[in-house]
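Next, two complexes with subunit A in common: one pairs it with subunit B, the other with subunit C.
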Partner chain A sequence: MYEVTVGNLLWQLGLGMLQTLKLLPLCIGLTLAFGVLIGSLQTLRLPLLNSIITVYVFVMRGVPPLLVLMILFFAANIADAFLTAIIGLSFYHTAYISEIVRGGIEAIPKGQFEAAHCLGLSTFQTLRKVVLPQIWYQTLPAIAGQYILLVKDTSLVSVVGMQDIMRIGKQLMQVAADPLIVYFFIGVFYYVICTSLQQVSAQVERGIREKYWGGVR
Partner chain B sequence: MEFSWQFILRWGPFILEGLVLTVKIFALSAFLALMVGTIVAALLRLGIRPLNALLKIYISIFRTSPLLVYLFFFFYGLPAIGVYIAPFWCGVLGITLNEGAFLSEIIRGAIQGIPRGDWEAADSLALSRFQVLRFVVVPQALRNAIPAIAGQLSIVMKDTSLMSLITLAELTYVGNFIYDCTFDITALFIVAVIYIVLFSIFNLVTNVVESRTRIRR
Partner chain C sequence: MKGNVLVEFKDATKRFGDLRVMDGFNAQFFEGETHVVCGRSGAGKSTMLRCINWLEPINSGIILFEGIPVSAKTARQVRKRVGMVFQHFNLFPHLTILRNAILGPVQALKESQKDVVPRVKELFNQVGLTDKIEAYPAQLSGGQKQRAAIVRALAMNPDLIMFDEPTSALDPEMIGEVLDVMKGLSQEGRSMIVVSHEMGFAKEAADRISFMDEGKLVETKSSNDFFENPEHDGTRQFLRQILQA
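Coming up: the complex of A and B.
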């Protein structure tokens, strides 16, 4: 048994932190892209597709993310842990983002859809040019909240075999380090990420407000 | 993967035991989290400076770090300084503190939504600050916040799946255990379906509570 110094501990945790951080941009990009796609598809009210999406969202709201990751890990048998983690987390969180986007689209007054129709815009053009640019201001707080949950769910990816910060923390603890200190540092790490995400969201919100309303609202 | 009655007969009792434990953890921690959330939100309203600062710190810490970190902190970390808590109570404590912070934010928002006139009317009836909160504001706020609270409690239900990582044999743990014994993914799917059924039952109960407590004008 050998001693683990604080510097050593921080270096090891930093390595795990990089793995966790590597997940985030990809997950955020994927959930946003698919969330917007699925959310807009749902407002079109296509017969079969709509019920499939509804079932998907319902299932994802009912099942814990840990179980989603486990099922994906055991059933899909993807060789790469990183890929499994990304697919699992994105699959789970896309359902929530799509619900938020759908809510945002449905909050746009009906007159705008009619006006766009009168101007001869196609459904796609209406969504792309009229509706989607408007929903961000309203939905941003909800989306930011969901991404904070996503960050917190990245603590689960060690169950699919990723060497993330939780896994490294556990290993360090088993070697020699004091678990109290290890989990304190991990807590601080997540605290920093989540609060900075909140700050970014507040900044973006202010940016949107200034761009569209000239800072009036 | 194949579904057979033999499988159910062989592993059913295990799954049932896991289900009972999941429901137990959920009921206890949901109740306690709701208590903590309500009390913290009400205390914030009393306007005592140092207390407010403490509560703000509590909320920001527990909202921005994953539950898993707290569970491991209680489960692995506290024994290192001689505090032993049973895994069950580790779980309940972790969920209560974590979701209590979220619920307190929801209830605080609902309290802010109570019109000024109600506060003034209660004041002019000579109710004390505590009585105003206890008899006038908090009951109304809780009723208005039912949908948001229900959403958060459904997250509590999913949080119970993390207990499997601190050796509590609840549903997810049992599903994983059966997979380890049989290399048959069926168990995990059965567990997923049980979670969805639990979620649906919870939704139904929420709807009943909501329609019962609605004010008829």
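Coming up: the complex of A and C.
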């Protein structure tokens, strides 16, 4: 039995983490774009669309993300693991982000909508120029929290065959590495990423406060 | 010196559930006039204003603005021509007051920023806020906020400006600066409908004053007549109470 050095272990796990990290920007971009779109649409209360969105949100909130990935990969036969991971995680987390966005919009005082309408702004302009810029400050902690959960959910993608950190860890254990050490370092990797996300979130929050409220809020 | 009819209510009714806020409401507001509407709280004054630009849809009857029936379809068209100043300012907190004021002209009227900015700066100068244009609403006093909100309404070059209790949320020492701006606008011959309890302002600046009670305009008179010869009992009682205070 050959020994895996710590350096080699970290290197291998790092490569796996890189796979996970490749998922993140795409997932964040997609969930944010669709989350804002769907959350905004919800506030317009369009009869049929609202029911569809409500069902979607209910279903996504009611099932585990692992199931979504499994269905896409094994039942919908998306052969590509990376693609499955992107679609599955984005589809799942968009439901949550859209609810955060909807809540953010509905927390904006009615007077803001009225003032915008009184200036002749369309519904779309009102959302884009007046309402949405105001929701970030309030919703950012919730959104950051959701993305931290997204990072953690990426640990599920190994089941559809992605060569992510979890899968590589398992392989390393099979060749010789001590499971405790492998899991410890996997934990360290996740911890660093999640903590960095929190730092970024705090930074963005400060930025918003300065840019949008002249630092007075 | 009446101009053309700018806003006309014909038998307009507005209900909130069982409550009839406006009931067979008839009124005319004229171009170039400062028309103050007073009355007890709950008389329907604010609702009446908000119906003109379809912030509140009426249940029956008709409201004409510049001859156009106000409806869901024409609402945006009307709103581009009607400025509104709110009791609670409703400035956009994420924008400087300069950005607040140019948003409407640029977005809704499709004017170029180059044309709007100088015009808006001149308006800020008129209301004495030149040194504050880069401030955010949260950095201003109540009186400054309301003056900025007036500029935001004026920036649209509206045919009519509506004031919904513009001084009711202000500390007493700031009421004067806002009323002064409004008096200036009145002297310029702007068309204004002002819902307010400021009888001093009404006396000085209004061309006509109406008393609203239980969803109807019960009395409309020229400014002098209103104070000297109020006919309706409700008006008399209201004036007695408010002038005593």
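What we mean here is this: the second predicted complex is superposed on the first by the 217 of 217 C-alpha atoms of A that agree within 3 Å, B and C clash if a C-alpha of one lies under 4 Å from a C-alpha of the other, contacts with A are read in each partner's own complex, and residues count from 1 in each chain.
The working rule: a residue touches a chain if its C-beta (ideal position, glycine included) is under 8 Å from a C-beta of that chain, and two chains touch if they have at least 3 such contacts.
Remember, it's a predicted structure, so these values are computed and weren't measured experimentally.
Using the contact criterion defined above for the overlaid structures, shared-chain residue A:78 touches neither subunit B nor subunit C, since it reaches no partner. Touch criterion met: A:134 reaches subunit C, while subunit B stays clear of it. Look at A:212: by the touch rule set out above, it reaches subunit C but stays clear of subunit B.
Put subunit B and subunit C next to each other and count what each touches on subunit A; the higher total goes to B. In the superposed model, A:118 lies in contact with subunit C only, and not with subunit B.
Comparing which residues of subunit A touch subunit B with which touch subunit C, the overlap is empty. Considering their complex, residues 109, 111-112, 114-122, 125, 129-130, 133-134, 212-214, 216-217 of subunit A touch subunit C. On the subunit C side of its complex with subunit A, the touching residues are 53, 55, 75-76, 79-80, 82-84, 86, 88, 90-96, 103-104, 107-109, 135-136, 138-139, 152-153, 156.
Of all residues in subunit B, only 1, 60-61, 63-70, 72-73, 76-78, 80-81, 154, 157-162, 164-165, 172, 175-176, 179, 185, 188-189, 191-192, 195-196, 198-200 touch subunit A in the complex they form. If you check the complex, the residues on subunit A that touch subunit B are 58-59, 61-67, 70-71, 74-75, 148, 151-156, 159, 166, 169-170, 173, 178-180, 182-184, 186-187, 190-191, 194-195, 198.
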